[in-house]
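Listed after this line are the structures, all set down as structure tokens.
There are two complexes below, and they share chain A, which is joined by chain B in the first and by chain C in the second.
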Partner chain A sequence: MNYTTVKNNERIQLSAIPELEYELFWELNVLSLMSEEHNHCVNYFGFPYEEKIKLICCIANDETHTIYVSSSLVNTSTHYPSFTSHVLAFEKFEREIHENFGVQYNNHPWLKPVRYARNRANQDETIATYPFYSIASEELHEVGVGPIHAGVIEPGHFRFICNGEQILHLEIQLGYQHRGVESLFLKKDNLLQRTILAESIAGDTVVGHTTAFVNLWETLCGFEADWHLQFSRTLALELERVAVHTGDLSAMCTDIAYQLGSSVFGRLRTPIINYFQQWCGCRLAKSLIRVGKTNFVYTEELAQILLKILDAYEPDFIEMCKELFRLPSALSRFEKTGVISQDDAKKLGTVGMAARMSGINRDIRSSHPHDLYSEMQHEPIIKHHGDVYSRAQIRREEILQSIANIRKLLQNIPAYSPSTLPLSSPTANSFALSLVEGWRGEICHCAITDEQGALRCYKVKDPSFHNWLALGLAVRNNEISDFPISNKSFDFSYCGHDL
Partner chain B sequence: MLSLLLILLASLFFTGIIIRTKSLASGRKGPGIFQPISDVIRLFKKGAVYSETTTFIFQIAPSIYFASVIMAILVIPFGTTKGIISFNGDFVFFAYVLALGKFLSIISALDTGSSFEGMGASREALYSMFAEPAFFILMGSFALLTGHTSFYDIFNTLHFDSYISYMLAALATFVLIMIGMIENSRMPIDDPKTHLELTMVHEVMILDNSGFDLGLILSASYLKFAMYGALIANFFIDDLSFAIAIPLFFAIQILFAIVVGVLESFMARFRMSHNPQYIFTLSSVALLIFFGVLLVLEKLT
Partner chain C sequence: MFKNLKILFHQGKQYIPDVTNVNVPGIFRGRPIITTAKVNEEKLIEICPLQAITSSPVAIDLGKCNFCGECSFAFPDKISFTKDYKLSSNQREGLIIKEGDTGTIELNPDVIRKEISQLFSRSLKLRQVSAGGDNSCELELNACSNVNFDMGRFGIEFVASPRHADGIVITGPISENMAEALQICYDATPDPKIIILAGVDAISGGIFAGSPALNRSFLDKYNVDLYVSGNPVHPLAFINGVLELIRKRKSS
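And then the complex of A and B:
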């Protein structure tokens, strides 16, 4: 076998991952993505290993619910053929490997810096000299937006090449935030600090990233989370989905200047995030999820409050959706705007909503279930047009689906029995991988430990990381004034990308 | 004189009422109706900041823009009272003095050298160009109907006595409201509240203006609204006595503001490429008025 097969949240010995010659490694992974449509790359990264760079590629198969892991050792002096020249889905991953470790590729089509990490291989490359794609034509014009966002959210630069009002090309350059999340995971050896770090990866996906971290850590330590812990994580994930999707619908209405939708959805989001405050003292659900325990035990009273909130939420939400989804002026903005065809989405290897809007059945909750999703028999919501309208519809239907899931969960609240055994330390020389379906899509955390069981490599992949390219392609041939609504309908994360 | 005073008074609360209507429609309390004026007063107390890439054009444009709106207001009559200026063909003067102000604001936006402002300027120029035929077909029809070419004479000889003429007044009100919305860059053409530069039309042109200059531009747009309101009011005032005409004037202004507020609350902005289509529709409505006039004059047989 050229690869080893693992399940979501499964620990293996690092030595169990076959180490291949690069040519074989290339062939295996490129062919695996080209030949099998249920395969997609969940993570592909490198880390320093015995004076060389060890590349680890994780390909998930949605049909067999497994993940194929293979590895290869490369050095920085040789030029390697790139995966990207055949499979576009590897584009961002290879750029990152090139930027971090200086691995050379000889036929990568777009080998530009990704996020200018402080410990990048080539310190001469700076954000001020980013090599933008440019045009010499006098007929076309360039529009640069950012890095300061008009709504002062997060920094990102968007460079448009336009023919009048029509966008011909959009290049998205991120990497203005240098928090160094991944290296901080290695530096901070206190578990609480690491958990808080995971909570801070993306402020809008606190539950998603923290669940990925705790699941991964518990896997490394061989800890079996009890039913109550799994219950509260699943519940929090679904609640986060409801809250953020509602907020996004509100923001989409704001972007098309539909005031009623903007304010009604905005109002509906508040009780949901306020509920997190009641549950754990933080509206963003920070401090809710901890490794091996919970500080905020879920009670019957909390469930009653939540049911009341949902009973008030649902009729208003459905009424507002009815209004929005039959308003001609709103539909004329939504329909056929920012389209990604199924073919493109497959090539890009998009995940989460950005895949499901184009008719791709890709949802970790059903393909690699974790926590209580294994019992839920989750049915992903799929749309087929790949436009803003599809993304709005997915949000509406996922919210209703999540509420139904929450109601089902609340019918049976498991009692909490704190584990009496202290949490053991992670096993030495291990590799573990954790996939979580956050509201935005698939989050992948990978960890590798050294001989002492200390972290040797911690890899975070937010769905935004490789999904951003979908936005760049979606706005092509659209009007430039439709960019904001396309952007909002994807709602990718800047900090999740920059780390 | 009277019309200038009344328009100034109406401009004090016009935008405030729009904002208040929108707030109430979205379930918020909203600011007081004089808040926009307080904002302008605050801005008038400040100095302006000029970017180094701009030239004197950028500095004089806001004043000329403001002056052009005041000049346009001068020709507007109030019922049987003439405007300060009144001459044959003054509605042409009205349209082009406004166009002069707009021209200056467009070149001042280009003067900043920002790619956003250039886009906004090109959009604004396009939309004003498309709105122009509607205004001239409308006023031209009334000139044909009454045989006069000044606002004062047109409004004073215009009497509604048949069903067709009521229909003409209703259509004219609709066209004027919509031209007012386009000229003021309001919904559904433009979203005055957005923070997204790429979707803006008018707002993006004034991104670089600050302090006193911004105050001038904002107060000019308040005045513009009240000015179109006054034009509409003139259709209905006729030769009523002041005791009825003045309250009626304010009632029409308030109603106009509420209509704008409601329009902006319950629909989404148009896709940019649909705007020209929509503005052209106004020209066809104006053409209906023209045919109505031909019917009244029995020139169509």
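And then the complex of A and C:
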């Protein structure tokens, strides 16, 4: 067997991952595994290993609910054939491996820096010297936007090549938000510090990333979260989805200058995030999720408050949606804007909403369920046009679906029985992987421990890592004035990408 | 038309009439109170993930505090968090709460520059710079302008260009990759201008303090006019801090 098979939140010995010659490793992942329709790459990364670089590739099979893990040892002096030349979905992963460790590829089409990480192999390259693609022509012009954007959002640089008002090409340069998250996971030896670090990977996906971290850590320690902990994590994930999707609908209305929608969706988000504050003291759910315990036990009383909030939210939300989704001036901006075809989405390996908007059934809640999702029989919401309108529709329907899920969850609130045993330390020489469907899509955290059980490698993958390229392709041939609404409708994470 | 009016009617009254005095729902962790009860101080200091607690006398530095509440869960007799959301100071040391302190945190009017109250008290335009911010403070700063908090009623607004701004609001621990852009933005803002640090990541680096991927040298060069604590900052904390900064006059 050339690979080993694991399930979501399963721990294995590092030595159980077969180590292949690069050629075999390439054939296995590129020719064999990725040729299957229901397989996609959830993580592909490297880490220093015996003075070489060990590459670990994790391909998820959405039908059998398993993940195929294989590995290979490479060095920096050889030039290797790239995965990307055959399967575009590996594009960013290989760029990252090249940037961080100096692994050379001889046929990667776009081997540019990813984020100018602090510990990158080539320190001579800085973010100010990014090699932008350009076209020499007197009829074309370039438009540079950022890193600081017009609104109160995170930094990133967009370089457009335009013919008049029409976008021919967009290149997105990120890295401004790089804080060294992955290195800090190794450096901090205190569990609470690491949890707070996980909360800070992306402040708009606090629940998603923290759940991925605690599930992974509990897996490493062999701790089984009780029903109550799984319940509160599932509930928080669904609530976070309702809150952020509502806020995004508000922002999309702002970008098409529809004041009523912007205000109404904006204010509808408030009671949802205020509810997080009632539960845990923070509107964005920081401090809610902890490894092996909870500081904020969920009670019947909290459930009653939430039901009241949802009862008030739902009719106002539906009323506003009815108006927005029939308004000709809104539809004319949403429809056929920022389109990604299903074929392109598959090639890019998009995940989460960015996959489901183009007819791809990709949702960790149904394909690799964690926490209480295994009992929920989740049915992903799929749209087919891949445009801004599809992304708006997905949000509307996912909000209503999440509310229904929450109501179902609240019918049966499990009692909390705190674990009496102290949390053991992580098992030595292990590999574990945790997948969580955040509101944006699939979050994947991987950890590897050394002989002492200390962290040797911690890899974070935000869904945006797969998806950013989709924005670049979606806006081609659009008018440049449609860029803000396209960008907002995807709403990718800058800090989750830059780490 | 009638549909729109109906929708408007269904929203009811959403704005908070008095942002300076409102009961925050739930268990908001605002300004802490430290009693003089005797506890194992070593353990207390150890429990704080961000080294915000120091001993003799026991004090919490709200410029570092993550408001996770872990200290108050372990030592409920010693530390409790009130719902007071006024968490701003114009002096760094003003954010340090000591054993026995029960008063609110206030700005020191004597160090507010004269031109701030003269020029900005009725209109303040701000340029926000996210420099490694995790998008939580950014979301909350956006919320300041929504219909609930409605910061615009005080003439305080975020603007698109530093050239239109009276000051900059920094969030995030200031990443190396963002340091130059921050400097360019500050230089592009016309004088007189103010600097506001929003959130503990900006004030002290927060959980990222000491990361080699940061470059905080910008803060060594300039005087900071306002520190707003929180992770993330609560919209009420931000609005109240800024209001106090632009409205407070020297006592003389």
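Following the convention adopted for this analysis, the second predicted complex is superposed on the first by the 495 of 499 C-alpha atoms of A that agree within 3 Å, B and C clash if a C-alpha of one lies under 4 Å from a C-alpha of the other, contacts with A are read in each partner's own complex, and residues count from 1 in each chain.
What we mean here is this: a contact is a pair of C-beta atoms (placed from the backbone, for glycine too) under 8 Å apart; a residue touches a chain by one contact, two chains touch by 3 or more.
All of these numbers come straight from a predicted model, not from anything done at the bench.
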item	value
Room on chain A for both chain B and chain C (clash or fit)	fit
Partner chain(s) touched by A:Met320 [first = chain B, second = chain C, both, neither]	second
First (chain B), second (chain C), both or neither touched by A:Gln452	neither
Contacts of A:Gly151 with chain B and chain C, given as first, second, both or neither	both
Which of chain B and chain C A:Gln259 touches, first, second, both or neither	first
First (chain B), second (chain C), both or neither touched by A:Asn190	second
Which superposed partner A:Ile480 touches (first chain B, second chain C, both, neither)	first
Three-chain overlay, vertex chain A: chain B-chain C angle, C-alpha, nearest 10 degrees	60
Partner chain in contact with A:Arg267 - chain B first, chain C second, else both or neither	both
If touched residues of chain A are counted for chain B and for chain C, the larger one	C
Partner chain in contact with A:Thr78 - chain B first, chain C second, else both or neither	neither
Partner chain(s) touched by A:Arg283 [first = chain B, second = chain C, both, neither]	second
Distance of closest approach, chain C and chain B, by C-alpha atoms in Å	6
Chain B and chain C footprints on chain A, overlapping residues	150-151, 260, 263-264, 267
Touch list for chain A against partner chain B, complex	141-145, 150-151, 165, 253-260, 262-264, 267, 327, 329-330, 332-333, 337, 479-484
Chain C - residues contacting chain A, complex	3-4, 6-8, 10-11, 14, 24-29, 49-50, 66-70, 73, 81, 127-143, 146-148, 158, 160-161, 172-173, 175-178, 180-181, 185, 201, 206-208, 211-214, 231-232, 234
In the complex, chain A residues that touch chain C	115-118, 127-128, 147-148, 150-155, 175-180, 183-184, 190, 192-193, 195-197, 200-204, 206, 247, 260, 263-264, 266-267, 270, 274-275, 277-284, 286-287, 295, 315-316, 319-320, 323, 493-495, 498
Parts of chain B lying in touch with chain A, wherever the complex brings them together	22, 25-28, 115-116, 118-119, 187-188, 191, 193-199, 264-274
